[in-house]
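Got some structures for you, see below.
Same chain, two partners: chain A is paired with chain B first, then with chain C.
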Partner chain A sequence: MTHQTHAYHMVNPSPWPLTGALSAFLLTSGLIMWFHFYYTLLLIAGLLASTMTMFQWWRDVVREGTYQGHHTAPVQKGLRYGMVLFIISEVFFFAGFFWAFYHSSLAPTPQTGGQWPPTGILPLDPMEVPLLNTAVLLASGVTITWAHHSLMEADRKESTQALLMTIALGTYFTYLQLSEYSETSFTISDGIYGSTFFMSTGFHGLHVIIGTTFLTTCYFRQQLYHFTSNHHFGFEAAAWYWHFVDVVWLFLYISIYWWGS
Partner chain B sequence: NRAKMLRNLLALRQIGQRTISTTSHMHFKNRVAEKQKLFQEEDGIPVYLKGGIVDVILYRATMILTVGGAAYAMYQLAVASFPKKQD
Partner chain C sequence: MALSLRPLSRGLASAAKEGHGGTGARTWRLLTFVLALPSVALCTLNAYLHSGHRPRPEFIAYPHLRIRTKRFPWGDGNHTLFHNSHVNPLPTGYESP
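== the complex of A and B ==
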C-alpha cells in the first residue's frame, strides 16, 4: 500500500516556513537596529526576505490546487476553516486596540483634562472625508459581492469589471486616508488620543493594503483562467477578508471618529 | 461654435465606446492545461522547484538572504551588546 488512506493533502517538504521564520528574525532585529542606531540594512533585508517567502509560499499553494488538483472538497473545507480562524485571530488583534481606546475615552483622567477628546486635541470632522471613506468601503462591499455572483454565473466580463472596481475603491480609500493623515493637527505622540487614533487606523490601513493586494492577486488569477464558476476559494477568501476590513472600519468610524469626537 | 463642440463631443463619445468594448484588458490565453501537465509530471521534483530554473534562482536567493541575513543579524546584535568604551 503506497497510497494514503485519508483525504488530507500531505504537502511536499517546503523551505518557506524556515525562510519565513528567519525573515521574522530579520524584521525584528532590523527594527531594533533602526530604532537604536538608525541602521536600515537588516530591516530592508527582512522586508525583502518576507516578501519573497510569501510570494513563493502562495505561488506553491496555487500550484498544488489549480495545477496539481490537490484541493478536493475535504481539503477545501480545511482551507475554509483555516481562513475563518485566521480572520477570528485578526478580530482579537483589533479588539486590543479598541480596548485601549475605550479604556481611556470612557473614563478620562486628569492627564487628558478630564474630557474626551483631550484638551487641546482637534479631532477630524466625522462628516467630511471619514464619511466619504465609509461610503467608499461600503460600496466596495457591494462591488465584490457583484463580482462573486458574476463569477458563479460564469460572466467573465462583469466579474472582472466588478473586481477592478473593488480594487479601485480600496485604492481610493487608502489615498483618502493618507491625505487625511497629513491633515491632522495631532500626531501619534500627542498623548493617548494620538496613540489610540494612529495605532487603530494605522493597522486598519495596513489591512486595507493587504486586502487590496489579495484582490489584485485574484484579478490576475482570474485573467489566467484559474477560477471556475464553482471552484474559486482563493477569491472567496479574499472577499471574506475584504468584508472583515470593511467591518473593522465601521467600528473605527463609529467609535473613534464619531463617538470620540 | 457650440454646435461644432457638441458634434465633436458626440463623435468622441462614439470612439470611447468603441475602444472600451474591444481592448480594455490584456488578452491572456488559457494555459491552465499546459501548467497542469507540467506540474503533474512524475519526476520527483518538489512543487517549490517544479516550475523550472527561475524557481531554483528564487529559492537560492531567498535562502542566501535569510540564512546569511540571520547570521549577520546575530553578529550585529553581538556588537551592539558590547559597546565601545568612550575615551
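== the complex of A and C ==
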C-alpha cells in the first residue's frame, strides 16, 4: 500500500499556519504599540510575516492542486464550501459597519444637530464620482463574467483580455476613491458621520485592493497555463469574491451615499 | 448530504455552448462593449463636467466635528490621513487662505 485509495487530500505538514498565527499576534500587538506608543517595529514585522505567510501558503496550494493533482472533485467541493463560508463571514463583518451607520443615522442625536447628515457636514453628491464608481464596478462584473465564459469556451485570448479589463476597472475604482478621499470637505474625525463613512468605505476599498490582487494572481496563473476550460477553481473563487465586493459597494452607495446625503 | 455547490460552478451558463438564452462568452463580450464600457465613459464625462472647485464653506468651530480625543500616530498628530488643507480645516480653522 504505497498510494492512497481515497480521493481526499491529506495535506503534508506545513509551517504556514504557525507563521500565520504568529503574524496575527505581531499585527495586533503592533497596532497597539503604534497607536499608543508611536512604535512601528512590531507592526512592520507583522505585515512582513503575514505577507510572506500568504504568499507561501497559497503558492503551496497551487503546487498541490495544479502540479500534483490533489484537487480531485470532492477536494474541489470542499474548497468551494470554504470560499463560500469565508465570503459569508465577510458579509457579517460589513454588517457591523452598516449597523453602526443605521443606528446613528436613523435617530440623529441633538449633539449632531438632530439631523442626518449632521450640521456642518457637506456630503458628496451621489450623482458625481460615486455614480461613476458604481458604473465602474458593475462594468467589472460584466467583464469578469465575459472572462469566465471565455475561459470555459477555451478562448485564451479573450479570457485574458476580459480579465485584464476587469483588473483595469478595479484599479480605476481605487484611483477614483483615493482622489475622492483627498477632496472631501469632511474627515474621519468629523464625528459619527466621518467615522461611519470612512470605516465602511475604507474597509470596502481595502477589499477592492485585495480582490484586484486576487484577480492579478489569476492573470499570472492564466499566463502560466494553470487553468483548463473545466478546472479553474482559483479563478471562480476570485470571481465570487469580486462580485461580493461589488454587492457591498451597491449597499454602501444606496445607504451612505444616496439615502444618507 | 449537504447542499450541492455544483450549480454555482456553472454560474449563468447552463452549457458551455452559447445556444439557448445566449449566455455564452459572445453575449458577455457584447454587453461589455455596448453597455458596460459606454456607461463608464458617460459617467466619467458626467463626473468630469461636474467637478471643478466649489467655494469652501465658512469655518464654524462645531464641537461635534474635528474631534481630537487622541492625537493621530503620524505627523504632528493633528492632521487626518488624507488631509487637504484647502478643504479640511483643523479644529482651529483653515490652515491656508
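In the analysis below, the second predicted complex is superposed on the first by the 254 of 261 C-alpha atoms of A that agree within 3 Å, B and C clash if a C-alpha of one lies under 4 Å from a C-alpha of the other, contacts with A are read in each partner's own complex, and residues count from 1 in each chain.
The definition used in the following text is that contacts are C-beta pairs under 8 Å (C-beta built on N, C-alpha and C of every residue); 3 or more make two chains touch, one makes a residue touch a chain.
The structure presented is a predicted model; accordingly, all values stated were derived computationally and were not measured.
In the three-chain model built by superposing on chain A, chain B and chain C fit together without any clash. In the superposition on chain A, contact of A:Y38 is made with chain C only, not with chain B. Touch criterion met: A:Y81 reaches chain C, while chain B stays clear of it. Of the two partner chains placed around the shared chain by superposition, chain B is the only one that A:Y225 touches, whereas chain C remains out of contact. In the superposition on chain A, contact of A:D125 is made with chain C only, not with chain B. When the shared chain is aligned, no partner comes close enough to touch A:T212: not chain B, not chain C. In the superposition on chain A, A:T201 contacts neither chain B nor chain C. In the superposition on chain A, contact of A:L22 is made with chain B only, not with chain C.
Contacts of A:G191 after superposition on the shared chain: chain C is touched, whereas chain B is not. When the two complexes are overlaid on their common chain A, residue A:S105 makes contact with neither chain B nor chain C.
With the two structures brought together on chain A, the opening angle seen from the C-alpha centre of chain A toward chain B and chain C is 110°, to the nearest 10.
Taking chain A as the reference chain, the count of touched residues is higher for C when chain B and chain C are set side by side. Closest CA pair between chain B and chain C after superposition: 17 Å apart.
Chain A contributes residues 34-35, 38, 77, 80-81, 84, 111-113, 118-122, 125, 127-129, 131-132, 134-136, 138-139, 142-143, 145-146, 148-150, 152-153, 155, 158-159, 162, 165, 169, 172, 181-191, 194, 229, 233, 236, 240 to its touches with chain C in the complex. Only residues 25-26, 28, 30-32, 35-36, 38-40, 46-48, 50-51, 58-59, 61-63, 65-67, 69-70, 72-73, 76-77, 80 of chain B touch chain A when the two sit together in their complex. Across the interface of their complex, chain A is touched by residues 2, 5, 8-9, 11-13, 16, 18, 23-25, 27-29, 31-32, 35-37, 39-40, 42-44, 46-47, 50-51, 56-57, 60, 62, 64-68, 70, 73, 80-84, 87-88 of chain C. Residues 11-16, 18-19, 22-23, 25-26, 29-30, 32-33, 36-37, 39, 42, 45-46, 48-49, 52-53, 56, 60, 63-64, 66-69, 160, 223-226 of chain A touch chain B in their complex.
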